[in-house]
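Presented below are the structures under discussion, each in the form of structure tokens.
Presented sequentially are two complexes of chain A, the first with chain B as partner and the second with chain C.
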Partner chain A sequence: MTAPTDVTPRRARLAPDWLLRTEVGLCPCGCLGKPRRRNLVARTLRGLSELVRRAMFSDDVAGAPGLLPRLDARVKVVTLLGLVVVAAFLRSIPMLGAMYVAAVAVAWMSRLPLRSFLARVWLFVPVFTGFVVLPATLNVVTPGTIVVPLGTWLGGSVGFTAEGLESAGLIVMRVALSTSLVVLLTLTTPWARLLAALRSLRVPTTVILVVAMAYRYVFHLLTAVDDMYTARRARTVGRDLDFRSGRRFVAASAGALFGKAHALSEEVYLAMVARGFTGEVRLLERNRVATRDVIWCVMCTLAAAAVLWGDRVVG
Partner chain B sequence: MTVSSADAASAPLFECVDVSYSYYGRFLALDRVSVRVDAGEKLALLGANGCGKSTLLKLLDGLVFADAGRYHAFGTEISEDHLEDEQFSRAFRSRVGFIFQSSDAQVFSPTVRDEVAFGPLNMGLDPQAVAERVEDTLAMLGIAALADRAPYQLSGGEKKRVAIASVLSMNPEVLLFDEPTAALDPRTQHWMVELIVELHDVGKTIVLATHDLDVLPLVADRCVVLGEDHRVALDGPTASVLADVDLLHATNLVHAHAHLHAGAVAPHVHPHDSGHH
Partner chain C sequence: MGAECTHCSPGPVHRTVAWLQSRRIWRGGDPGGDVHIPDGYLSPQTCAVMYGAAVPFWLAGARRLRKVVKTRFVPLLALGAAYCFLVMMFNIPVPDGTTAHAVGGVLVAVLLGPWAAVIAVSVALGIQALFFGDGGVLAFGANCCNMAVAMTFTGYAVYKVMAGRAPLTAPRRAIAAGVGAYVGINVAALCAAIEFGLQPDLFYKTTASGAHVPLYAPFHLSQTVPAMLLAHLLVAGVAELVLTAGVITYLQRANLPILRINQRTVSERDGERVGAASRVPLRGLLVGLGALLALVPLGLLAAGGAFGEDRPGDLDLKRYGLDAVPSGLARYSDFWSRALLPGYDFRHGAHPNVGYYVSAVVGTVLVAGLMFVAFRLATLAHRRRRTAPARVTAVEVGNERVEV
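The block that comes next holds the complex of A and B.
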């Protein structure tokens, strides 16, 4: 076939010279360069995106035939959140430890991947609690018997005190246990059922609506972040983002992301309204309290009573 | 306001009279648009990008409300106040289904089965009846194997099918499609056109927004052409709209250019979506 005579030359005339030349982003020496490990920003974005996506959409685990996935969502909400309240009243580390071991055992019986379950808790606890309580372990904040001396400061000795370590351990154990119980609940209950359970427990519709919408948007938001970063990488020639330019990219993207998220959130909401959504969460399967739910409730009550009694005896 | 039962038979399903709408009170989307949709019609809203087709569909579905003008559906005025009433809202939503252009926005539940059940459950149907509907709809659209998959794991064509299934499971009288063939591969486009024709054959009223002129004679009997000034440029049978090349050119639905035809350079027009031959 002959080349089009009328169209192509006109386009060629419009195109600047540089657009008609091929440019290969080669190294000055002519080599193709070495593949580099992704930088911090890239790894953080990808890692976060993947982690949250897995956490939010881990309905595969929630549907597995283990102990907790088979229980009624309302029963799980009441019992596990009840145990969180019990944990808040405990003052002895051995009792908190015993409850924590029991929580891990329940996770195992629920066929949750133990490594991931432990990682979710113990990656979170040091960041949000450990660093906060760290100063309280020093004798300058909590006076007491120094068990680990660190040196001298302003003429006095500084170190970790037994009392400080004990109170820090108490807080860390309490947070670890509470987090484990909440993770147990969210990992073994599909989000739709969890929301329906909260609704049936008379949590206001507005709260349910906000949580439900947030859940739906997070996924779209993550996709948008992924797409933006991929688009950026596709146009990055030469060195990838260093920390400084990476930080600038993240800051600049945040604004664009809010705009995108807002437009998309509007569409998602309209799509829900168009199919009759009024804030009420309705499920295909009805929740029914079975014998195993009653047994679980009794066991949780007995366990709570036992640790509270044990705490009083030990304390 | 409600029309009397004597007039109901001849009354249009939807009627917009001089409706105007602008986003944020600044960006005009519809300017004094009047449209009538009768029961059992296949109507296409034609127009270039940004002329207000999608906004008009949203207005017909009671998702946005006109700044000026009147809109009646099924003989009743549609306003924000009326749709606040749960009973009225449920009745209206179950009669009108909207397939959005972006399947990503429409498909938001944890699994495909939950997605297809979302509408019927909100209509207040019994879960057992909903479960049966879901299975039937998935089988009808050939996506039964996807029932337990998460929507984010699906391809664009599969998401489109799920989006359609999620609306069909409500069995609405009127189906509003926003750019139904956009961004679909040729086989899925063909499937979509056949589905629209079949749905019309079983009595559904079809209103679709498109600028795909290739499939227009199949999916629409009548067209309302929206101009880039956001007004109705023409309302008439599909054949006469497609024959009006000057209008299609003026409304940016076709473009003129020249290329080889049988060895000779021949200037002519093309629909925007059409591939050059």
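The block that comes next holds the complex of A and C.
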């Protein structure tokens, strides 16, 4: 089993080793053991730990000294989301590709673990987007000039069309680029700063407060779910849950979770009132735009203008 | 890895899966259940329109909640959103032995009301998009329109209509919530399919040879709608139904005060009536029936015969390769001519318009009367069953939990 690769060198990691390690089977070689379907309890537990892993990982990376982590959060939100919009308007593959190369370069300069940055996009995009888009390259969906004929089916010739392939390339590149840009933002900005940035961009304070509290209590409620599921797993010996008992267990745990969430919301409200909450929300803001932020803004604007111009020429 | 393993002898597929999983590339995915649209599939223009469509619902929801629950709404919505977020992570069993994920929008709508659900689901989707990169940032408006608005409101409407005045502990409420969730997720999928399907017709570029290259999602409506609906009717809808109906059943048994948050005027058991709200549905029904009866003359304006109601003499026999009307059809087609109002008319046919109208009224009264008798009988049978000893334990459980 490989050691965790997502390590930032200069700063102690928050995420413990065991959390970053892949869950191994009983077999000591690290293979899956018997290739058996995980039951729903194990799957949900795995999903939960994956969530915590991702949250802690992004907090680890966001604290690293790189290009993007040092920029002002507001500047990052505006520029990177602006580039997502620009990417949505592009209509030629070379320009999308150029932007993607630039995004990878920025990730490298931000000292993000490059392998996982590339893998996250390129092993996700072909599997989901690629399979979905693949039939669209046939002349059945996208009529046009057939470049790779696949013979005659049901009385008509079938094959990949140039138009279909170009369209598939466009969508795959665009999904890859948009995903990368959002990943760049989320991996290099701690969530507290991201929320503060949204606040200074005129998102209503109430929304910010609700999102912040929701994000906080996701992890609180997650421990409750984790307790219920771990207890269930510990009590289960032998056969997996069948449909009927699985259904009852999921419904009961979701129902109990709602009871807990509601009781907690009442307690939190009383605690807020006790500390003087009147419905007015004030957030601490740190507004400091440094020279590097200005340079970054100018570079992003120039890059956006360049690709839009190039897109006009090429496309 | 795997090659020198003495505990197992993994084949090539197993080894590939193990490699993919060990590199966190593939987690062994769940089928269906995902209506989250990532960025890149929808044009920016569509995204802008969907944001525009979602904003009024957010504003209306926030205003309404601020009025109803006052300052309490911040923690209520925050915990509601956190709950939504976690419910989306639950693996729900589906009858074929696999599991799927649910959205839970209709569940929250039934528990907290549709406006709270709009905000809670939107916040949960926002956290997914912004902090975890699931679902697009540009497509956030579209995702909210599908899952936070269309799904919750249609699902909740179905729930309200089906649950009617049933008491809080009635199985009918759980079934209504489940069916509402099933309808809701399918409406969300239909909306997503329409958004996808419009892209190739609206946004394309023309090549030198005159062919169209779709710029965003490439499939047409005729392909996206069946594909999305098939997955959701068979898998994701079932997961949503199982979760929603199951949670309501559980809360009926274990935590009734929670169900009362959003249904204050509904009685807990049969025979109790809370408030004067019970009269309204009957009045609504009578008004609706009256309106339909008033519109009956529309049927007289329509020309031609109704589809599938031809007389044997009107049939185009040659089209079906027949020489004469089949003897069985000829013999039985006149059977109902001895009815009270044959052909929606009096027997002598002197006043066809009056006959048509009287037929409508008689038919309505007959159907309503039959339904009334049937429901009375069903209610009586239900009451008789509820007086059995099994009922006592349910009440005890209910009382115990009130203290919680």
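Keep in mind that, in the parts below, the second predicted complex is superposed on the first by the 196 of 315 C-alpha atoms of A that agree within 3 Å, B and C clash if a C-alpha of one lies under 4 Å from a C-alpha of the other, contacts with A are read in each partner's own complex, and residues count from 1 in each chain.
In this section, a contact is a pair of C-beta atoms (placed from the backbone, for glycine too) under 8 Å apart; a residue touches a chain by one contact, two chains touch by 3 or more.
Fair warning: this is a prediction, and the values are worked out from it, not measured in the lab.
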Exercise for the section: Report for A:298: first if it touches chain B alone, second if chain C alone, otherwise both or neither. Expected result: neither
Practice task
Between chain B and chain C, point out the one touching more chain A residues.
Solution key: C
Exercise for the section: Please work out whether A:276 is in contact with chain B alone, chain C alone, both, or neither, and reply first, second, both or neither. Expected result: first
Practice task
Return first, second, both or neither, reflecting whether A:81 touches chain B, chain C, both chains, or no partner chain.
Solution key: second
Practice task
Figure out whether A:105 sits in contact with chain B (first) or chain C (second), or with both, or with neither.
Solution key: neither
Exercise for the section: May I ask you to decide whether A:194 touches chain B, chain C, both, or neither, giving the answer as first, second, both or neither? Expected result: second
Practice task
Answer with first, second, both or neither: which of chain B and chain C does A:119 touch in the superposed model?
Solution key: second
Exercise for the section: Please indicate which partner A:268 is in contact with in the superposed arrangement: first for chain B, second for chain C, both, or neither. Expected result: both
Practice task
In the overlay, answer first, second, both or neither for which of chain B and chain C A:290 touches.
Solution key: neither
Handout entry: chain A residues contacted in one complex by chain B, in the other by chain C
Key = 1-2, 191, 216, 220, 264, 268, 272-273, 277-278
Problem - chain C contact footprint on chain A (complex, rising order) - result: 1-2, 22, 27-35, 37-38, 40, 43-44, 46-48, 50-51, 54-55, 58, 81, 84-85, 87-89, 91, 116, 119, 123, 127, 129, 133, 135-136, 141-145, 161-164, 166-168, 170-171, 174-179, 182-183, 186, 191, 194, 206-207, 209-218, 220-222, 225, 241, 243, 246-248, 250-259, 261-262, 264-266, 268-269, 272-273, 277-279, 281, 315
Practice task
Mind listing the chain B positions that touch chain A in their complex?
Solution key: 58, 61, 63, 86, 89-90, 93-94, 96-98, 100, 102, 104-106, 108-111, 113-114, 117-119, 121-123, 127, 130-131, 134, 150, 152, 166-167, 170, 257-260, 263, 265
Handout entry: Interfacial residue positions of chain C with respect to chain A in the complex
Key = 1-2, 4-8, 10, 14-15, 17-18, 21-28, 30, 38-41, 43-44, 47, 62, 70-72, 74-83, 85-87, 89-95, 97-99, 104, 107, 111, 119, 123-124, 126-127, 129-133, 136-138, 200, 205, 207, 209, 211-220, 223, 242-243, 245-247, 249-251, 254-255, 258, 261, 404
Practice task
Quick one: which bits of chain A touch chain B in the complex? Just the residue numbers, please.
Solution key: 1-2, 4-7, 53, 57, 59, 190-192, 216, 219-220, 223, 264, 267-268, 270-278, 280, 282-286
